[in-house]
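The chains carry the letters A, B, C and D, assigned in the order they are written, with residues numbered from 1 in each.
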Amino acid sequence: MPDSDETFKPDWTTLPPPSTPAGGENPAEKNSRPNGQKNIPTEEVPSVEGTRRRLDFLQSTLQKYPAFLAGTARFSEPSTLEGNIENYIGMAQVPTGIIGPLRVIGNDAQGDFYVPLATTEGALVASYQRGAKACSLAGGVTSVCLAEGVQRSPLFKFNDLRYLMEFLAWALGQVGTFEEITRQQSRYARLESVKTNIEGNHLILTFEYHTGDAAGQNMVTLCTDAICQYILAEAPVKPEFWFIEGNYSGDKKATALSFSNVRGKKVTAEIELPQVLVSDLLKTTPEAIAQYWRSSTLGTIQSGAIGAQGHYANGLAALFIATGQDVTCVSEAAVGITRMEVTHDGNLYASVTLPNLIVGTVGGGTSLPTQRECLELLDCYGAGKAKKLAEICGATVLAGELSIAAALSAGHFTSAHQKYGRKK
Amino acid sequence: MPDSDETFKPDWTTLPPPSTPAGGENPAEKNSRPNGQKNIPTEEVPSVEGTRRRLDFLQSTLQKYPAFLAGTARFSEPSTLEGNIENYIGMAQVPTGIIGPLRVIGNDAQGDFYVPLATTEGALVASYQRGAKACSLAGGVTSVCLAEGVQRSPLFKFNDLRYLMEFLAWALGQVGTFEEITRQQSRYARLESVKTNIEGNHLILTFEYHTGDAAGQNMVTLCTDAICQYILAEAPVKPEFWFIEGNYSGDKKATALSFSNVRGKKVTAEIELPQVLVSDLLKTTPEAIAQYWRSSTLGTIQSGAIGAQGHYANGLAALFIATGQDVTCVSEAAVGITRMEVTHDGNLYASVTLPNLIVGTVGGGTSLPTQRECLELLDCYGAGKAKKLAEICGATVLAGELSIAAALSAGHFTSAHQKYGRKK
Amino acid sequence: MPDSDETFKPDWTTLPPPSTPAGGENPAEKNSRPNGQKNIPTEEVPSVEGTRRRLDFLQSTLQKYPAFLAGTARFSEPSTLEGNIENYIGMAQVPTGIIGPLRVIGNDAQGDFYVPLATTEGALVASYQRGAKACSLAGGVTSVCLAEGVQRSPLFKFNDLRYLMEFLAWALGQVGTFEEITRQQSRYARLESVKTNIEGNHLILTFEYHTGDAAGQNMVTLCTDAICQYILAEAPVKPEFWFIEGNYSGDKKATALSFSNVRGKKVTAEIELPQVLVSDLLKTTPEAIAQYWRSSTLGTIQSGAIGAQGHYANGLAALFIATGQDVTCVSEAAVGITRMEVTHDGNLYASVTLPNLIVGTVGGGTSLPTQRECLELLDCYGAGKAKKLAEICGATVLAGELSIAAALSAGHFTSAHQKYGRKK
Amino acid sequence: MPDSDETFKPDWTTLPPPSTPAGGENPAEKNSRPNGQKNIPTEEVPSVEGTRRRLDFLQSTLQKYPAFLAGTARFSEPSTLEGNIENYIGMAQVPTGIIGPLRVIGNDAQGDFYVPLATTEGALVASYQRGAKACSLAGGVTSVCLAEGVQRSPLFKFNDLRYLMEFLAWALGQVGTFEEITRQQSRYARLESVKTNIEGNHLILTFEYHTGDAAGQNMVTLCTDAICQYILAEAPVKPEFWFIEGNYSGDKKATALSFSNVRGKKVTAEIELPQVLVSDLLKTTPEAIAQYWRSSTLGTIQSGAIGAQGHYANGLAALFIATGQDVTCVSEAAVGITRMEVTHDGNLYASVTLPNLIVGTVGGGTSLPTQRECLELLDCYGAGKAKKLAEICGATVLAGELSIAAALSAGHFTSAHQKYGRKK
């Protein structure tokens, strides 16, 4: 039950004790790897016992027990959903699995993570688990949040180009005021830049903000609206009309702007997998994966995709649902570039780059019951955690790309889906 | 509780009786419109009472009560999740609202629908509700499933172009056999076409299937794999290597192939909104919406998006989560084209076109507890319903496009998000 | 004959006198419009007499006679082609027509221009002539060069991301030195910005330059190479390898970067055509053109084009061949956005936006015999003229867009091609 | 001088005799390679003597002397330009160089070709010459025309979707009549397919034709117009309006449709270069080129390009100007995919794929004086030669891709441009 002070805060103090098998051996410990990594107890077909083992593992390893997720706590106060939903009728329930350890070496994310993934698609969790295992055994994924920013792009239409130019000259002199307005609107938002885009008598002004640890789409809307109200009141030349968003910012859609910009967080993650790990664990070779990457990258290009990647959307959608992100943003976040190459030493180098990771650890759905629990499992709930979450996303995505490329290069893709992906 | 014969079948016979206010008046009836449409009791801030009113409305109007969604039935058998999840730890819970009535005039979907939307983003449900109301008052959305097909695109690499051509000549003579192999693999799959794509010594063969009422990605993988095994065994010229998917089919990603192909279902939906409805309900004018559309379409083009639309992903992600679709496919399904124009009579014509609607009403997550309930609310559960679901998706998306365009053209976008989208 | 001091300088002093018809009437004068615009004597089927009339017109109106173009001067010194061609065997001859007057109201281009277009495709010149006439009668095209810049994007690959970050931190501290190196390399080049793009262990540094009045691709290569040599010598961390161009700058190809950047010059041009002019001259209506624009813009989007325009490439290729531009750059320059709308007053507003106009008035092919003559006809030869040429390009392209949209909206497209485009 | 029967036919019988050096040795022969390939006498800085040597070489090797190109024949009959130009004022002259031999192993093109390239950009011809030499020494480029087709895409707009569907049902039953209309319109055109594209109440019908040896854009316009006139007269449901082209066919623009379609000719060309040739002639290694290809392909993807290639536009624009093709079509023809890989044996595999080669050997500019001469040099003038020309284009483009990749991978790109690309 949520306590009264902080909505939905999982009550770690009232957890059930971890179940210990006869003989006192914690099964998780059996799976410890030489490097101290503790393996989640895996299971293909969910069972009550297996589920309990994994929950116990999380309790013993992380000292956290996701009671709402596990069904031992029940949600009962719809009013706490204010700002998340209208016309509420209940809770859709999405099966959630967990992978790990996923070792991440980032600026903000460092250590072994157990990543919750909510999905209805068989094989997904098993595939990411396999990739995570390979990455962790190789020493971990280097994952770095390179840049941050969220945009709003109001569009102003003028009688003609001359008016537009006069208006623009004035507006570009007001950036200091725009920054001040931003500060007045939000404690968290910081106006980072104003870019211009002219097309005939259309002017798009793109305001880019740093949004703290929130995903930030609402924040940037409110700030930009306040700026626009000032503009409309003060500008010496008025537009014929204007819109708060000219559909240029990339909100809720894949765009080719991705690679020259950032939207949300830009993360790149990389790893070098030793040849022996590729053959023993992934059942293929660095050469075969590199060949698959080259060939399939050209397939992607021919399909007219933006970027070139395998299935970022799988891991991101599952992680976003679990952790209360705006799942819609998968449409933009799933754009990126995967690379896989053989190194001089015959190992496999792999990287992923995600320029549009719209994620937050405050606001939105992050404080809902199961969502908060999942963020807590990653130690990513609340202020100061958004870049950490982004780096974990990057590492997770890389694990998934490796696993699918291995399966496809080895001819195991179909059998994995036969094994995991069919209702019996 | 799920009964033993059919997993998770909502037990309509054990529903609680609808609550009837003193005086015997059903509150839903109060909201009946002249054309017989019954309004869902709307509510911005979720309350226990309001939630109950909506569940009662569904019971009285549709004779259906989503017990798992409402929390009166509880999921307790993880083993039934086989094929949906691995390493299961529990159920992520996503707040679900409902909109309606949404009147649809389709080939397969006809009548007034109440559409469940699972999201954590405030304002989303309210916005779609407003669009649905406008559409229904205008007589309903014409929504048509135009085409169906799901692809797998194996890639074969040869020593050189000569071998490729020899192989291809043989393969193109085997289409009858490929069809036969497909029939042997699946009762539902039907091979529709085989297309070729040559790039140097790379050959991509794109197999397109009709997949019945399943989303079909696994089905097409299994059939294509069987075909490829035959090819590898029998072809007079062997490839150096091959992959079951050359990353050309558009699986899990937005691609520019969308508009010359279908992936899943292709749906187009349209409506003509009378001028008075636009002004009274949407608080703007057809001219302002048309102006917004023209300007923002150019913004979209400049962003390098694929297609041109507003926020398809919002409605689709919410509907996909609620109904057990593969949410990942929002990355491809959210590609489309919206159009808004003033008619000769001064009304508003609006249409949406979605070429990549990957949806199913059997398999995948469709039979999970809350997912099945949500499909049942739409009368879209099980065989024979996939095109109907696709047409409802199209109509829902159109409702959302109208609502956001109205808000943006009228300058209400920000205030809506201030009202609905902020945690208090 | 070229004189010895300045290669290929057309010898205006030795021009033949303009031919004057019997009675002393200059036929061009007959075509003078009330606003002082002088019409070029048009002709569908080239004749010796008509050709002479046009050359006379240029002589009398501009005091310029393109002797090499007209065939009265002959090229005879191959050595002057150094830097333009290797393995020279002769001169390809491309038929050149002229349109005008095209009235331009720009920052750098102001007045009535007669624009030479070299093409082998019938109907092209006639179509642009019609558009130019409409624009000029409407008072002229507002055409503005909004931005300038040419990029080189060297790519550096590192052992891993850590090395890359260390290298980058150093490099970003060297921008002052990079500017100094640029000054040493070229009198004309000015380093404007350095942007970074990280993808795994790949780093692209995009150096953007102002290149004076040269198209500038060679200039930016030389400067960037010098900067890279400095980097390689001085950087505390060396890349594994590097390339002077990572194929990111958009050189010789259409890219979606276009609309967030400039490449060469960014020009936007607009006009408002009175309704009566649209009906009398273009034989259609503003509404029909606006309808065509809306419908065809959606066709373009569905084709997966970059930007949305009609046939920029026609006018640009013809103008580039005539004036010694790098015709190859049509592949990038022909990307843009056309807009056509009905104004409140029932007139037609039309605009074009070209973000990638790679043009120059010094260097490259600009000083070759006929090329220089064509630049001289536009008063665009030599230093200080590149922005002027860009604005003329913008106005020409707008004229062409109007003409084709008018033809297509009126159903005259086919008949125009039947009339002009078939060898008899 | 053109004779009277066939316009501009070069008069081979009146050629000047080849100049033979003292001693009777033909300098070309000196350059014969063991495999019988005869090297064009190359020259960086054009000279009268060098030019003569190359013309003599063409005369002795091909028995052809391009008199108009060389300036020994002069064009003097403007009336023969009917259908190519309006408002004619003279001939733009573009320096033309020649490369070769380029050995091609195609279906239609077989043997050693000397390819004329018209350009004003220094280094271009030298670069393609180097690539051609490498390819020819390796045994020649395999270049195959895989498919042919040119499209027109009329757009019909209806009152609503219902009318559209009724119209479409009728139209799809008329394909036999459409084929008959096509036959009546043109001896050469053959209607190959009719594809449909629905977006709301918009219908695009894409008519794809085989156009014989003409580039065919006019031909398909005329045929489609005739079909549309029939449709408008006979259809039981009339569109509100229609346009002969909905801007969907890809005419004059780069589109992502390219890789699922053909536009003009689709050609793929490949070669395997022995390691020793890469090191001796191209001064780099297969590994370095493959590395460059991988890295730069990702640069291209990030730039939002369509396809992934280096500089197809350079070779194509130069060849199109020389041979009277519609140079404008470089905007679409320059879209393609280049691949470069190290083979098992340590050699370099390279391929190019061009899906949009709009080329013809009859009609358009092909019969103009220098254009015809250049086609004759390739034995590509007139009926039955278009596929041959397309295969030569593919091989030329591959030569250019190899040369630039070699230069970039070896760090010679800048020095080549310093050497060749600067006016002295």
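Throughout what follows, contacts are C-beta pairs under 8 Å (C-beta built on N, C-alpha and C of every residue); 3 or more make two chains touch, one makes a residue touch a chain.
Here the structure is a predicted model, which means the values were calculated and not measured.
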*Which of B-D and A-D has more C-beta contact pairs*: B-D
*How far is the middle of subunit B from the middle of subunit D, if each middle is the mean of its Cα atoms, in Å?*
44
*Could you tell me the distance, in whole angstrom, between the mean C-alpha positions of subunit C and subunit D?*
22
*Going through subunit C residue by residue, note those that touch at least 2 other chains and give them in order.*
197, 199, 202, 255-257, 259-260, 297-298, 302-304, 306, 308, 337, 339
*Name the shape of the chain contact graph, picking from line, ring, star, complete and other.*
complete
*Considering the complex alone, what residue numbers of subunit D touch subunit A?*
256-257, 259-260, 294, 297-298, 301-304, 306-308, 337, 339, 341
*Can you check the complex and tell me which residues of subunit A touch subunit C?*
142, 144, 146, 160-162, 165, 195, 197-202, 255-257, 259-261, 268, 270, 272, 304, 337, 339, 349, 351-353
